[in-house]
Amino acid sequence: MEDVILEMKNISKTFPGVKALSNVDFALRKGEIHALMGENGAGKSTLIKVLTGVYDLEGGSITMAGKNIVNHSPEDAQKNGISTVYQEVNLCPNLTVGENLFIGREPRKGLFIDWNAVNKRSKKLLDDLNIEANPKKLLGDCSIAVQQMIAIARAVDQNCKVLILDEPTSSLDDDEVAKLFTLMRKLRDNGVGIIFVTHFLEQVYEVCDRITVLRNGELVGSYEASELPRVQLVAKMMGKNFDDLADIKSGHENKVDMNSTPVIDARGIGHTGTIHPFDLAVHKGEVIGLTGLLGAGRSEMVRAIYGADKADSGQLYVNGKKVKINKPLDAMMLGMGYLPEDRKKDGIIADLSVRENIIIALQAKKGMFHLMSRKEMDEAADKFIDLLQIKTASRETPIKSLSGGNQQKVIIARWLLTNPDYLILDEPTRGIDVGTKTEIQKLVLDLADQGKAITFISSEIEEMLRTCSRMAVLRDGYKVGELSGDQLNQADIMKTIAGSENGGSENAK
Amino acid sequence: MQSNQSKWSRITHAPLFMPIVCLIAVLVLNVIQTPTFFKISINNGVLYGYLIDIINRGSELVILAVGMTLVTAASGGQDISVGAVMAVAAAICCQLLTGGQKTSSTLAMPIIVAAIIGILVAGLCGAFNGFLVANLHIQPMVATLILFTAGRGIAQLVTKGQITYERAPSYKVLGGYIGKCPVPTPIFVAIITVIVMQLILKKTALGLYVESVGINGSASRLVGLNSTMLKFITYVICGLLAGLAGIVASSRIYSADANNIGLNLEMDAILAVALGGNNLGGGKFNMMGSIIGAYTIQALTTSLYAMNVSADQLPVYKAIVVVIIVVIQSPVFRDKIANASKKRKAVA
Amino acid sequence: MKKAKLSKTGFLLLITIVMFAVMYIAGMIIFQDKGFAKPQMFLNLFISNAGLIVIACGLTIVMITGGIDISVGSVTALVCMSAADVMENKGMSAVFALFLALIIGLAFGVVQGYLVTYLKIQPFIITLAGMFFGRGLTAVISTKMISIKNKMFLAWANEKMYLPFGYTNRHGVLVHAYIYPTVVIALVVVVLIQIMLKFSKFGRALFAIGGNEQSAVLMGLNVKSTKMKAYVLDGFLAGLGGFLFCLNSCAGFVEQAKGLEMDAISAAVIGGTLLSGGVGTVVGTLFGVLITGTIQSLITTQGTLSSWWVRIVLSIMLCFFIVLQAIIGGAGLKKKDKGKEKTAKATT
Amino acid sequence: GCGQATSGGKSTSSSSSSSSSASSSASKGGSGKSVTIGFSQVGAESDWRTASTKSMKGTLSSKNGYTMIFDDAQQKQENQIKALRNFIQQDVDYIALDPVTESGWDTVLKEAKDAGIPVIIVDRMVKVSDDSLYTAWVGSDFKAEGNKACEWLKQYADKKGIKQSDINIVDIQGTIGASAQIGRTEGLNDAVKANGWNLVAQQTGEFTQAKGQEVMESILKSGKKINVVYCENDNEAFGAIDALEAAGKKVGSDIKNGEIMVMSFDSTNAGLTDVKNGKIALDTECNPLYGPRVDEMIKKLEAGQKVPHLQYIDEAMFAKDNTIPTVTAKNAKGEDTKYDVTVVTDDVIKGRSY
């Protein structure tokens, strides 16, 4: 094979109770974008971590430009010209944006770090990539999307031969993704080999030259992207035929009675500094989507309803009754559930087992003195592991050792278990593979059919169009419009998001 | 063969395995040094022997370790004021019993009432710590530093700077023996504390809540847990238990010695938690581990006394044993050993 | 908007400095007639705490990585005792004693650093063992006090450096204020470490590790060697600080510097260092030392409190200070901090 | 500008007394300026210490023409150094220091001397390179305490016809490194060597009842023969007695018939009560009442008189009966001194405030 710059042979990796990789081969050519595909838990991230020395190499070999290498740590990997963006944003929240970009390779003047240069170069780097962030700002104060972009910026700025991107696009919106792709193509043209992990099939076909598919820790095969039709790719990933474009909405008629008392009726709810007062009504059986650009305040809107950030203005009516929500538990008691956007920070309780992570919300609702019996817990856990096909060694496995997508499924299970009347899903499909994504969308519609009210947030407009019966549009912390029925199409949504030239806060209601 | 091995590995990976091994190791060391170490006899109508000493003398430490485990799990920090809080509880209890006298051989009020008041005041101290940590988000070690310094001062204020003696025989019961029962009372107190705590952990969701809050506070809040309240509660429990330990310690010497009751015990309690395999950074905890850890420390102290190690060198031995224990407990070290033995097998 | 520019660390540092200034000036006004306004009174804060400043700087470094070192008090005692012993009993020179002090500190740093970094044992426990070990070893060298009479050493200790200002005494004579060389050394250490923290790769890596150790690994930093170096440097500074401490007390004895670790930790924390890591400055730590020193000084100047009230008032003032800092700091940073408290932990 | 501090070759006591008498013309009872004295106390770690503080504060009170600036060092030498520096800045007339430790005072005492403030050391001794750094010392002779207690035991054994080699003694030491522990342990060690006693065990009880009890328990379990327990303070003795009795031993002075003799130091109220009950055979006093002695010294210094550089405070011995009425033992300076043994009566106990 010509121009192979990185080759992995016979890679295996075992975790207690899981064979994450068995005898996987992988080859990356110079100047190609190579997609690494597979379901949640297929072993993509593990392969990357073995490659970059986060995990020890248990067997097999890695050659780079014909030379055998062993990376004992990401530091080694970087020295060998491999730079990586890992799946979860892995930066330091207590350092500034600029520092995160340059730490470990700071420009120096003599012995000292040249902070001016750091800031200047950061500014330039951020500007080049169109990232709106001040280099002097603390990273922890930036939204995840920005953090994600910064992680990418850090990786691409290093003169690398191999760039690895593990689901970099999961929290980016289309604009950002487009920016990233331009960048990736440029790097490819400069001869960098790129490994790209994603669950978005369109993206794969948009930028990738070749595709390697993993399933259950085993290599399925490597293919030219042009020679592998989409349906076949999915089939290879899942090991069975599957049509991800199935019109899942059919069979779910919209039976929402818009005149009934809304389950949730927010009037003038707002939270200073994040979301301006807004009105929002959600009815039984309805899936309402929130859309807007990055940072438009979708998450903030639902956080204010749920009491994650206590609303400081307006009133909330639940089933027509005025209620006061001071803390999330109040909302839960009123039948709400909230799947947060930032899985790592607000979702998983890392050291607890899958079982405990699933039952924790229900247990909190029941109160301290009504401990669920072990049997109840086990049954609940097993039911959802089965239902959502969560890939885990056992229900007692700590959630932190699950793959990213499977962690997300556990959090979804947590909220389904509480059987809420009103469920808020903020990016529920982030990092979830195609098969399951469809399952989740179906689930959402099923729940609506059962008479639950749902608010759904996703960066994928496609996905929203498939599930939502109504959409609210946000811009800069204001709710700027609401669309339903025929208006639910890409063009109209885009128009509303962009807004008219002069109207900042017109209300389409 | 296969199943044998997996059974063995299941045992060795059980959470309590290492703490128990360490305790046994310390005890075995004793038998070599002091052959009579395990001898238990009835002397003067009571049980008598080094083993009894360990279990008896370890009681206060066990009680403290229980509270310390909860605090550590919930807040990822330690309460270093427990020793001083013990002194406060003892001072209040004794002053109430002597009716403000320096020495008394009668009781100014029923022991149970005085003891409960003492314990409640200790709980109040815990509440103070809890407020600082949970509500004001002050780092635990610093928040509890306040009572660590002030506690003995308060105790002295209560006892007017002198040791208060309550010489009524009934006050000696808690730290001594109940009637003709040959088993020292502190053992019962410790066992009851442990049982009650185990029941609470088994029958309520406290344990799960505490772990959850300790691992990820913001996620816990979003699933409806009141992390402020939970942290606060653990500190109150820790305070109450410190109070109980203080009263037991005071009863042993039928007096309140503000300067010395529980002196340096906070460090031992923290050590017990760590030896029990718990992460001092909070999160998942193992109560039985801490209790075994506490007895391990007491076994060590008693053993060194039994071997007549001179007191000034005692900390050196203690340090060495502690390091050995934590090193063999360390997963990294165990992995290394496992790898080495695997390699040796492969060679053979 | 302007204020938002100030980083979180800068904001906390500013609060600390302002609060110190307010407290000191208040003291100068209240106790004007008691000499509190004299420049020497202020300089004494540095003179008496030179060793502590250096030790607390070392501690700040490991605290920034999210670690802790509670062995520093014992190391100080060991350093003083060894220095005294070699000079008085072995006839060595003061230079040798200084050397020995640094070696002892380094040795502690290397061993503790290795255990913490490479065997991943919790720093609290390792350094607790270090604390026992150091204290025990001190007693092994000698249980008696050794006072230092070495000429060169005493010359170092008593070398006053007069400053061009002072106060006019009751006879109208200008008494020059003075400092000792220890103060200069301490201040130089503060400046050097602050520069290192801000402007060196190593310094920034410390912050990255404290912010999120796992991320630091993934970003390609050499976490192990950085942490190891942090502990070695901490050990070195403990040795140096111990020697400065010794210059102040000119003696070695077993009970020396007991509880110094708590003083150092609280100084660092009051100065804005987080025990959970990732945040801290040594300038803040310096002010932390000055603040606790001033509180003590105010109480001494007042001079009518009974022993136990001294402890209580000391802690009330400490409490007041910590709480005020938490409230002002908390209010100023409220929005920023929300829900962020455990991000780092969820991953480790 | 760095100048070298030079203090004139004058002896401290004379230079300081003259400077202070110049500064405060009126002293006791005078309506004018009172004498300011800074007192740095060790802490409040025991009843004994509390009594000592009370004595100082009571005597050197405003009623008697003093202004006292009191500082509690909480057992930390570094705190005392800070306090002394503070006193110097406050321009006190005198400094009284009850040092936490014996050594480590050179620098700060030199500062006091440079400032012309006389320093009176009480209780524990200080070791400094230059004795003129302090004006006077008054305190206990711990070594002598040990010596005389052991001498008493020797004579007691002789009188009761017990062979010296039959004495099996346990030493429950004080906190290691404390001067009281050092002196009392040394006294015992010397006597053990001289008289051929068996030192069965030596372990610290850290001056507390709880530790004393725990250590005694442990020693008893070793099964060795014991007939004398030498406790280095009263609290340890209480603990040891409890442990002995719990193990079914009889505590008393009848060694021949299997009783175990407990000896102790300090002579607190509670200790003397146990002497009277026959539980403690001999309690050697350690006198905490320094107030009057310091008062006396300052009055002399104010009047321009000289005071002795070193003075020992008088300390008695207490026993249940007068089997041995007096003992002769060496004091710290190695001189033979005669000490009386007081028989404890209710009056003696009542007279003890601490």
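Before moving on, here are some points about what is shown:
Here the chain labels run A, B, C and D in written order, and each chain numbers its own residues starting at 1.
One rule holds for everything that comes next: a residue touches a chain if its C-beta (ideal position, glycine included) is under 8 Å from a C-beta of that chain, and two chains touch if they have at least 3 such contacts.
For each chain, UniProt lists the protein as follows: A = Sugar ABC transporter ATP-binding protein; B = ABC transporter permease; C = Sugar ABC transporter permease YjfF.
Just so it is clear, the model here is predicted, and its values are computed rather than measured.
Looking at which of B-C and A-B shares more C-beta pairs in contact, the answer is the pair B-C. Among the other chains, the CA centroid farthest from that of chain D is the one of A. In this assembly, the C-alpha centroid of chain B lies 30 Å from the C-alpha centroid of chain C.
Between the Cα centres of chain A and chain C there is a gap of 44 Å. We define each chain's centre as the mean of its Cα atoms; on that basis chain A and chain D are separated by 73 Å. Multi-chain contact residues of chain D (touching two or more other chains): 44, 50, 53, 176-177. Chain contacts: chain A has residues 345-346, 348-350 touching two or more partner chains.
Counting only residues that touch two or more partner chains, chain C has 139, 143, 254, 306-308, 310-311, 339-340, 343, 345-346. Under the touch rule stated earlier, the contacting chain pairs are A-B, A-C, B-C, B-D, C-D. Against chain D, in their complex, chain C makes its touches with residues 34-36, 38, 40-41, 44, 47-48, 52, 139, 143-149, 154, 157-158, 160-164, 169-170, 176, 178, 180, 245, 247-260, 293, 296-297, 299-301, 303-308, 310-311. Partner chain C is touched in their complex by these residues of chain D: 1-5, 23, 38, 41, 43-44, 50, 53, 68-72, 74-79, 81-83, 85-87, 89-91, 100-107, 110, 127-129, 175-179, 182. By the touch rule above, chain C contacts chain B in their complex via residues 115, 118-122, 124-126, 128-133, 135-137, 139-140, 143, 254, 262, 265-266, 269-270, 274-276, 306-312, 314-316, 318-319, 322-323, 326-327, 330, 339-343, 345-346, 348. Chain B meets chain D in the complex at residues 34, 36, 43-44, 46, 48-50, 53, 57, 103, 156, 161-163, 165, 176, 249, 252-253, 255, 257, 259-261, 263, 302, 305-306, 308, 310-312.
Only residues 5, 7-8, 195, 198-201, 204-205, 207-208, 210-212, 214-222, 278-279, 335-336, 338-340, 343-347 of chain C touch chain A when the two sit together in their complex.
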